[in-house]
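As structure tokens, the structure follows; a few thoughts come after it.
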Amino acid sequence: MMQETLIPKLGVVTDIRIDTPDVKTFRVVGLDGKKVFDHMPGQCAMLSIPGVGEAMFSITSSPTNTEFMEFSIKKCGCLTNWLHAMDVGQQITIRGPYGRPFPVETELKGKNLFFIAGGIGLAPLRSVINYVRDNRQNYGKIKILYGSRSKQDLVDYHEILDEWMADDNVEVYLTIDRPQDDWDGHVGFVPNYVKEIDLDLDYNVLVCGPPVMIKFTLANLKELGFQETQVYTTMELRMKCGVGKCGRCNIGNKYVCKDGPVFRFDELDQLPNEY
Amino acid sequence: MQELMLAKAKELLQNGTVNRVLGWQAGEFVYDITPAVFESEQDLDAGFVYNEFCGNNLSKYLIKESRKEGKVLAFLKPCDTYSFNQLIKEHRIIRENVYVIGVPCEGKTDGETLKSKGVKGILGAKSEGDELIIDTLYGEQRLSKRDALTARCLTCKSKKHVVYDELLGEEGEEVPENHRFEEVEKLEAMTPDERFAFWRGELSRCIRCNACRNVCPACSCEKCVFDNPASGISQKAAADSFEENMFHIIRAFHVAGRCTDCGECSRVCPQNIPLHLLNRKFIKDIDAFYGEYQAGEDTESRAPLTNFTYDDVEPSIVYKGGKK
Amino acid sequence: MQDVNQFKPKIVAFCCNWCSYAGADLAGTNRLQYPADVKIIRVPCSCRVNPMFILRAFQRGADGVILCGCHPGDCHYTTGNYYARRRMTLLFSMLDYLGIEKQRTRVEWVSAAEGAKFAATMNEFVAAVTQLGPNKRLEDLRCKN
Amino acid sequence: MKKLPVSKIQELFAAIRAQQTLYIPTDDASGQARYLPWQEGMELTHALNTVRSAKDFFFPQTENLVEFKLKGKEIEIIDSRTEQDDFVIFGVRACDARSFTILDKVFLIDPIDTYYKNRREHGTVVTLACTQPEETCFCTTFGIDPADPEGDAACWIAGDSLYLKARTEKGEKLLSALDNLLADADEGEIAAQQKATRDIAQKLPFAKLNLAGFNGENLNKLFDSKKWPELSEACLGCGTCTFVCPTCQCYDIRDFDTGHGVKRFRCWDSCMYSDFTLMAHGNSRNSQVERFRQRFMHKLVYFPANNEGEYGCVGCGRCLAKCPISMNIVKVAKALEGEVQ
Amino acid sequence: MQRIGVFVCWCGSNIAATVDVAAVSEALGHEPGVVFSTNYQYMCSEAGQNIIKNAIRDYQLTGIVVCSCSPRMHEATFRKTAASAGLNSYMVEIANIREQCSWIHKDKAQATEKAIILGRAAIAKVHLNAPLTAGESPVTKRALVIGGGIAGIQTALDIADAGFEVDIVEKQPTIGGKMTQIDKTFPTLDCAACILTPKMVDCAQNDKINIFAYSEVKEVKGFVGNFHVKINKKARYVDATKCTGCGECTEKCPMKKIPNEFNLGLDNRHAIYIPFAQAVPKVATIDPNACNMLKNGKCGLCAKVCSAGAIDYKQKDEIVEREYGAIVVATGYNPIKLDDYDEYAYSLSKDVVSSLEFERITNAAGPTGGTLLRPSDGKHPHTLVFVQCVGSRCSAEGKGKSYCSKICCMYTAKHAMLCREKYPDTEVYVFYIDVRSPGKNYDEFYRRAVEEYGVHYIKGQVGKVVPRSDGKLLVQGSDLLANEQVHIEADMVVLAAAIEPDKSARPLATMLTASMDTNDFFTEAHAKLRPVESPTAGIFLSGACQGPKDIPDTVAQAGAAASKVIGLLAKDKLTCNPCTAHSDEMMCNGCSSCEKVCPYGAISYVDKEFRMPNRTTAIRRVAVVNEAVCQGCGACTVACPSGAMDLKGFSNSQIMAEVDAICKM
């Protein structure tokens, strides 16, 4: 039977974790209790509640997790409000995987990796980080820089503390925008923190976060001597079909849903500035 | 007239009264005129045109234009001035930023109308007396100017400019005997079944391109209810015959008492749906029930739907066949 | 084709809070019967009723829509029903113009004391709509079945 | 090549109709040329082409994708599609016939759009050569020969005869089923008409329209052109051009709550609409300049960049005739000519 | 997504007998979002309310639906219940399954089905409810009374009596209004001055009352509880704090041929004047249009004779800005101009006078010292004809008023009676359409005029009054009862002119955004139930500005208006109705449609700067609803084409959700 791209599959939410005041992480499996489909890090899926809406979300869990998929979702509109209000056991529809993943098996293989994330921007990178950690032998050094508005706004804080920071093979740098009482870590914006970290130029950088953060981070990376060919990010534009046909998510002749969402900055540089 | 307008435009640009000119720009053929803003004399010389094909109502552009830096010169035909006035009344146009020059209109024609008269392959046209001489791929064709008039111009309500800072040419008069409700009356005289069949036939062609709405000077909402998912009635395509009705009824209702009957909706409809017959029905009803009212005639009067009298007709008048 | 005798119309009645809704309550207090096909939606004033609501009702399968408000001059908000009167007159006339049966829409002024009038109006309206049969001209086929 | 007397065209239609649904371009009650299912007595329009394009046959303005029933926390997914019946579209012009190949390049590449494919497979396109092009026609710019249209089968009406030629297997199948009506003919019989048409086509106002340089190489140069604000100034942001266009294929997917379920449907969308790219937190094409640019860049640059130089336009001229403000792809191309030459 | 609780009430057997309540709560329990559903005998009882409270807590309900009696009965009860359990009281919806279901249907299956549908509609609505909080606004504890006639005076005195400050703004140099010009009052015939002037003095002496005489309201901003008013104190050219009202200046002023307004031009006054002896404040005023000093800089006599040194030719108009919590309109009335009434020869003969002029002629303080003399020759008239309904109850368009002026029947009877009493030698005729005398002791009064005083009442209209060269007025009329033409040779004709609102009322109404009827009378909030309030919150109506009234009615209404003001000013804060209109400024076009249909003047416009794409800004006119003033009718929501205007608690989407739920197959 031909693959149906526009007809979704059913999933059921088996766990809901409250990450921050406006981010929840949803665990989704198929009705048979298995993963709905396989994916690669950086790929996305269309989640929907019929009658409420359908939208693209990056898959937060690593492909190495063979039991379920996770989505970290920030409350920002009709559908996400609905998702935030639902209880465990709720069925949702899901289709995918969509898009070009981070080239973890090609360009990035064997490289030193530096992950830079801001706020909910950790969601797509978490998939890569855990994939890389689970295939640790295939990669060089790993640094993670993650920042958010406040301690409460750090997504996956417990996983970061309990797993990533406990991992000797991973260096984790956390920062928050403004000082607060129960925080004795670094305070300051992500782009500035990039310059404070002792960093060799032989890293490939994966960056994701709010557009302003990406802009200044990239500028600072370049200042440090990084080339655009070393830096990857993942884009978000309005999508409907997810398969490069509905016509709205293009930047120039590239469709974010199909040719992205992962782009290397030198690729983006070739494209018109319309995102 | 075009020369007169050009000279005037240049003069006002030169003496700094205005810093740009809203007018019509010539296209590839004689009929494909595009509204345009000219910023210099060179621009004007390159493309400014005013002739029997310049039908676009320029008023709506002034919502945007009057909010820009400096003053804009706008050439307005009589029927455009009604729309302009209505927009002033609704505080959509900043009057001080517009220098209005009224220009006369003898009625317009357009490519569609010529083609409906059997003219094919139009390349150019010139006017000679009462006739239009049309140059086509398949030879020259002549058409009397009256025959070439667009449908809306055949029922022109007024050749008078209701607002202007300056007038070029002679001031025209209102046209009281315009017969513009004849088509509405024809429909009213049909049985409900015939009317239903008629409107289904027409509205079923609607492709929801929104041209009627987007060109309509009365439809100047910041966000249309039909585009607003929060309104509960947003739609992109009419997915059902109901939605075709819904869109056109609500649109007509929203402009009821505000529509000046400029006819742009029907002009731009790519499917040639006589949308003006919906608006005219409201105009006719308003005239009959609440006294004659011409939207855009002034900037002060209360629109019929934001007004009432204690002894207005009851809705049951509809069951009595609309007779008072 | 449905048997006219079996046809149970769906009727939506918009009632203003101050007069007609109270009139409907009074009809209830006095145990005046009218068909269960009528379902009332309470609005603050007849002028709250947007033509959109009426079309929406037809879309969703209503066979008749009736709007009840205070008698002209008695509006709790002084002038609301005067505006409603104009709006509905024009809307109904437009529906008629489009060939949609005019008997499916109605405006009645019912005061808080007119429980009997409310019941009588509903009985009469339901009968009139029943006579017409199901709404076909303003239905949304997607909402059927 | 086959032929039959034009006077017998209704017999031909009846014969096709006997096997499958037949659509022909005809004048409807209000005088508009449109494709309607043929019924006895229905005649071909005299208009050059239909007001709407023929894309509806494969990519209709709205179509149901899937239905859902919701109960408590459970969702049921219902694929309510039925098998598409075979149908024939007769009288498609060369430009519209080409538009199908362009749509194929969107919908039939991986991942294939099964809805489109289903319709496409069941439809047989019978084209009809043009004899009197309009001033708005510029199909020749895209290498389309109005006198020799593509399609599963092609037709010519010359003199008293209708000439038919099968071009594909589907076309062969159709013609062989009509064999008893058709006589053999020689291609030479239509040569004169073809030449006449081609001569006119040479003389059309846009016969010399030059699109050299509109390709991926100049993508950023064209994108950054200073001409866009001026060109788009009068644009109303309506969807007329996109909806009459035979190759515009953008769509939206929406849900409709029927009260007893949710119907998910897709419908045409227009990149000219302000909400086309609107997200909860911003819009990548905020102004009409950007939206206008997107449409023409897509047709003239992005599409050829992704499809070996094939433009996303067939020169049918509908947008030239229908744009409320008479701004169109030809004017845009001419204005931008300077940027790439 | 709400978490909704459904509570189905049996209302004993009132509901349960016809509606299967268990089936209803069962069915509604399956609706989306419903996490708890139950039924109980009496939901409004304490036990019933406890079920609701417990469920709100136990199931973290965010909205509740009570299927019970009419919301007009217990909506308030259940809102309180919700609030006491910590749920916003506007997250409560009532499905009326008693008055509108169980009580009107007999068939249990049908009634049950309908109850379920009504419940579904309420659930659909509550899904879209948002918590609403009633706003509060402070109250400035001072009232403004516009107009210093008997209506304004009485209102001010009553408000002051309750301990609140009141300002009276009067455009004339003195307060007192029309009543000061009247001689005797019906039906008791006591002297107007005798009962009015003490009240005027009370006003002047009351330290809670502040009189701005010779002043006008220039601008009104704000809303109920918080009006900000600019008052223009016109220059009197006399320092009111110094002037003793001795009258020396008015004696000496050489400009003495100025028509005296107080006597309706029947005699003259000086350029510096005090309108009448009992004026309050008793301060002289210079008429700038008449004073030679002010016009030409020559004279200055008054300054010389003024021992108090109060004259100040350099005085300027002064704008006073004051804050008020409430405003009372008491702008009163005027008789209509009779200049157009040529059929009655009003402008042709001096002996054809209006009733108010007649009052002055018979008033002891008037131009004739109270002796009845013809204006033309000062002779004693023997035959007087009174014509009623001049300009009242006119059906024709153009001149005249459609309404009854209400007071003319009684004052004409008074005039006729007084004539006959003081001058038994006179013959007095009254032409009338009807005699309307429905007040207490009014009909008795009228009958005394006819029966005791021998006034000739003729039912019929006067067609024409022709002045003859011999000074007589030939009155031609018809006697409808006798069915004959009547010709009377009269010495004087008195026209009972219709009364109309003061001309200042219309611009004032605009300033106050208070609505008016087509005759320019202020509209009351409800014709029966709120007769002294304007629909615009905080604006109250006193006296004839609301409609024609005699003195007793005026005083009664003045007191009523005062009590409403007192009720308002007694509050420290005003709680607003939270179900108000609200405009989404992102969608608002600023077209003013909503403002036009708002009966309360609750909508105003501001130019607001918006952030636009590409880091630009744009200024747009947008509507702002004053929630303290909005009463929540929703007229604006339908007038708004863009849907920017919506009504909280009855939003477009809420009502459409109800429609959907009801119509669902």
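Going in written order, the chains are labelled A, B, C, D and E, and every chain counts its residues from 1.
Going forward, contacts are C-beta pairs under 8 Å (C-beta built on N, C-alpha and C of every residue); 3 or more make two chains touch, one makes a residue touch a chain.
Everything numeric here is computed off the predicted structure, so don't read it as measured data.
Visitor: Using the touch definition from the top, what's the fewest steps needed to get from subunit B to subunit C?
Guide: 1
Visitor: Average the CA atoms of each chain to get its centre, and name the chain whose centre is farthest from that of subunit D.
Guide: The chain farthest from subunit D, judged by C-alpha centres, is E.
Visitor: Looking at chain pairs B-E and C-D, which one is connected by more C-beta pairs in contact?
Guide: When C-D is set beside B-E, the one with more contacts is B-E.
Visitor: Looking at CA centres, what chain is most distant from subunit A?
Guide: E
Visitor: Provide the C-alpha centroid distance between subunit A and subunit E, rounded to the nearest whole angstrom.
Guide: Measuring from centre to centre gives 66 Å for this pair.
Visitor: Mind checking the centre-to-centre distance between subunit A and subunit B? Centres are C-alpha means, answer in whole Å.
Guide: Spacing between the chain centres: roughly 51 Å.
Visitor: Using mean CA coordinates as chain centres, what's the gap between subunit B and subunit D in Å?
Guide: Between these chains, centre-to-centre, one finds 30 Å.
Visitor: Centre to centre, by mean C-alpha position, how many angstrom separate subunit D and subunit E?
Guide: Distance between chain centres: 68 Å.
Visitor: What are the residue numbers in subunit B that touch two or more other chains?
Guide: 225, 232-233, 239, 305-307, 309-310, in rising order.
Visitor: Subunit D: which residues touch two or more other chains?
Guide: In subunit D, 70, 252, 256-257, 259-260, 269, 283 touch at least two other chains.
Visitor: What are the residues of subunit C that contact at least two other chains?
Guide: Expected reply: 51-52, 56, 60-61, 73, 79, 83, 87, 142-143, 145.
Visitor: What pairs of chains are touching here?
Guide: A-D, A-E, B-C, B-D, B-E, C-D, C-E, D-E
Visitor: Residues of subunit C touching subunit D in their complex?
Guide: Counting only subunit C, the residues touching subunit D are 60-61, 142-143, 145.
Visitor: Once bound in the complex, which stretches of subunit B touch subunit C?
Guide: It is residues 184, 187-188, 192-200, 225, 232-233, 239-243, 245-246, 249-250, 252-253, 256, 278, 281-282, 285-286, 289-290, 304-310, 312-319, 322 of subunit B that touch subunit C.
Visitor: Taking the touch rule as given, give the residues of subunit A at its contact with subunit E in the complex, in rising order.
Guide: 81-82, 85-86
Visitor: For subunit E, which residues count as touching subunit D in their complex?
Guide: So the residues of subunit E touching subunit D come out as 30, 32, 613-614, 660, 663-665.
Visitor: Which residues of subunit A touch subunit D in the complex?
Guide: Checking each residue of subunit A against subunit D gives 2-10, 50-54, 76-77, 86-87, 89-93, 236-238, 240-241, 243, 245-253, 270-272, 274-275.
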